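Here the structure comes first, spelled out in structure tokens, and everything after it is commentary.
Think of it as A, B, C and D in the order they're written, each chain with its own count starting at 1.
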């Protein structure tokens, strides 16, 4: 059963130093507020899983909280590179970063295999590609009927998956809409699931029967954090803050600037900052 | 006909290669502009798919990322990312996949992973994302890239995605049943693979572009087709539609940026 | 692109004698009208795939149109056995019936693998079960990471999948709602797809983004057949005709009674019969 | 306390074994009545899942099939059948799976496939459906069956679903990590597996049932627990709720039948 609680308690009770954690959301619904809370609570030595590390992992990596990252595309979407991640890989700043690199297809199917209780994902992939030369976690399996050699990767089974969603009801059932990404699979693949939502409603009312819902008994802890996905977006609530992604390119280009920015915007902030940000976004947009 | 930029010519030439019944796996940047230009001109029913799960999307402005909200709002349906990669890409439903990259070789093999050694890279690039399986699962691959000596190299540092390998029947020998890179549109020329060797060969030069200009930006000896034509210049309609698309895009994204 | 046509033409153009055909629909949306059209057109020697053969395959089998059936549960749901199928298996009447029997889990995952373009489904199944002793199409694969032995079955790749859905729009996009079963997977796994729908609308209007839709370019032929799922049901249109399932238990108990019933209700009928049936159902219910 | 039938006692005893936080894979017939009775009495938050894809369903009447419309209308969410079997059953999300069958042996192995040889059957039964993986993927399996010499046999003709095999640690030896059959509720008694041998052992007799009556309907020598208790008779509430559920069900289905 989902415990409806504060973000602070949800993170404290569920995310430990040394854990393997997936913060998922594909461009849409990236759980920034939860990641910032992890940073504030001093949680470290994390193994982070995410298809697209995005700015959210650039921040965790730049703060030295990450031991290893499992990923498939390390870019600042629509902008360029992830400069903090690159600094960690190329210059070990602020610490060395282990990497396990896959393709999107492999990551998506490895989450799916995790949700399906399987030890590995078997798929058609990496044909002629060099990743399987450098990643020992890419192996193969032979189809016993056709003899085709298929790729195999271990299923992804995070200790904790953290996601942001639009709505929960009072029972703790969680509704995800729009670009749904891999959140359902990442959640069902994990031992514990932390969800932040834009709003908690008394009742979903008359929902379409086939919508993407995580029943409350699949969720460990749930916290309402309006704006918790900014600068990513929440379909039906607020748009992507594209300027923040552009700004990040500058902030992350310089170690000192980055450090100052994180101090002001994360370490000295609270989850309420996110509600303020979307209020400001909406105001200026109006 | 108005004057036009090399980038506009590149986008327009790529758009022309798309057909009304194509199902296209779109990337961000040049492919996105080309695909939407095709949709807004000669291929109104083209199905555009972004790997965020949006199928049959019809954005009014170009998305900044593959997961922009408008892609979902205008789509026929939006599926999960595992479904996208399993049923739609791996399932063989995509006729054309677009790729670009940091480095390309004459056989359309592409590197977007690292410059230098993988484990001690000189430059760490974003990585492959969907590319390794786009390259093998789409019926055809179209590539758009601006030419440069840094990008068009004799030997790429890392095979992020497999094109024609060492050429000839290398794909077939690896058990890959799809056609692979069948078109390379740059800012200077249109290239197509030689039917036998699979080496990318210049088949048309954009208006005003010389063979020397093409060779000057390529790190291997360029093969030219027996008869190299001139790429038809952009029509007024093509240019108008493309520029209006970019203007709408700038206005929309500029507005959002101001709002922040 | 979906050709919007008549049921008669859709079946004539897409279902051939000797084909492997899946008529899917899990209790809900079973495409009875299309199966009756197949019977009327004299199409035979079919290999039929379906998780739950249900009354729809009992009719095809009893008419001698079926060479082989691939299935996982051969019951008359909520009623009992499938008497025509049993007569074929036990007494070869009207002809011998080859069987390839799986579990639900295997069938569902084999459709899923077919939709995913894979040669086989790899899953945790048949542990300690006898089916793998009698079905040579149940093999195994070893996880290269954990050493776990997993079950493998060939993916299902029908020549044709036939389904019934609620709605299509004029472009031929198809909407399935409610108990969605394996229809999407069965359709995407097939070479050709025939869909019957309750209604064709000008435009879906403002649908929720995550609904179950088959885009028109995945559908080969589409025909409007109101009531085309009776005695199964169409969520939002009409209820299951439970009495017809009970009646079938009697009809199918006797070869002559069966033959007469099929003559009257199928061979001498037309697709319009189905519209009449639901009109009658609704009238009596009102 | 009113008088009650053996079937009512069976349903009620099965219902009592379910807990408020259970996630139950429900079958049709006796399990469906027991699960919904539990939900309407001591376990209001129990999650009932039918293999048609309906999760957290709360039907007002008992469904005639596992895919009845009301299951979907009252569910928290309805997923595809592949998702049901992959994420929910195989994913290990189900705490209790219900099974029944044509034949059962003392170790809870069940046959619903054939009587006689598989290839030349005396009687062809419906087959396994979900049972083979329900038996291995649910944390526990509960079985409800009426006792009879035809059904409770020394040796079943076909292992449709695996219980405790030959007993002892046979499940573990096959690499199965779940508990398997942990409860057998019949019209006469409640049975539980011996902790070591895993043979189903009578732990309580329904009111008025003798050991001889149990033995008379079972094809092997029945093991009785050291202390066999009497199953507490149905409470008035249990009986009232169960009968009201059946009355609603009959009315609903009767009405539909008349309508046809």
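Here is the rule we go by: contacts are C-beta pairs under 8 Å (C-beta built on N, C-alpha and C of every residue); 3 or more make two chains touch, one makes a residue touch a chain.
All values reported here derive from a predicted model rather than from experimental measurement.
*Asks:* Taking each chain's centre as the mean of its CA atoms, how far is chain A from chain D in angstrom?
*Replies:* 40
*Asks:* How big is the gap, in whole Å, between where the Cα atoms of chain B centre and where those of chain D centre?
*Replies:* Using C-alpha averages as centres, the distance is 57 Å.
*Asks:* Could you please state the distance in Å, as a whole number, between where the Cα atoms of chain A are centred and where those of chain B are centred?
*Replies:* Centres of chain A and chain B (C-alpha means) sit 28 Å apart.
*Asks:* Where in chain C do residues touch two or more of the other chains?
*Replies:* 112, 116-118, 123-124, 148, 178, 180, 184-185, 209-212, 235, in rising order.
*Asks:* Find every residue in chain B that makes contact with two or more other chains and list them.
*Replies:* In chain B, the residues touching two or more other chains are 72, 78-79, 86, 90, 137.
*Asks:* Which of line, ring, star, complete or other matches the graph of chains that touch?
*Replies:* Shape = other; not a path, cycle, star or full graph.
*Asks:* Taking all chains into account, which pairs touch?
*Replies:* The list of touching pairs comes to A-B, A-C, A-D, B-C, C-D.
*Asks:* Quick one: which bits of chain A touch chain D in the complex? Just the residue numbers, please.
*Replies:* 1, 112, 115-118, 173, 184-185, 188, 209-213, 215, 217-218
*Asks:* Considering the complex alone, what residue numbers of chain B touch chain C?
*Replies:* 21, 23, 47, 55-56, 72-73, 75-79, 86-87, 90-93, 137
*Asks:* Quick check on the complex: what are the chain C residues that touch chain A?
*Replies:* 116-120, 122-124, 137, 139-146, 148, 150, 152, 154, 177-178, 180, 208-212, 235
*Asks:* Where on chain D is chain C touching in the complex?
*Replies:* 28, 51-54, 63-69, 71-72, 78-82, 84-86, 89-90, 113, 118-119, 121-133, 135-137, 158-162, 165, 170-171, 174-176, 253, 256-260
*Asks:* Under the definition above, what is the set of chain C residues touching chain D in their complex?
*Replies:* 26-28, 51-52, 71-75, 77-78, 81-82, 85-86, 89-90, 101, 103-105, 108-109, 111-112, 123-131, 134, 148-149, 178-182, 184-185, 212, 233, 235, 239-246, 281, 284-285
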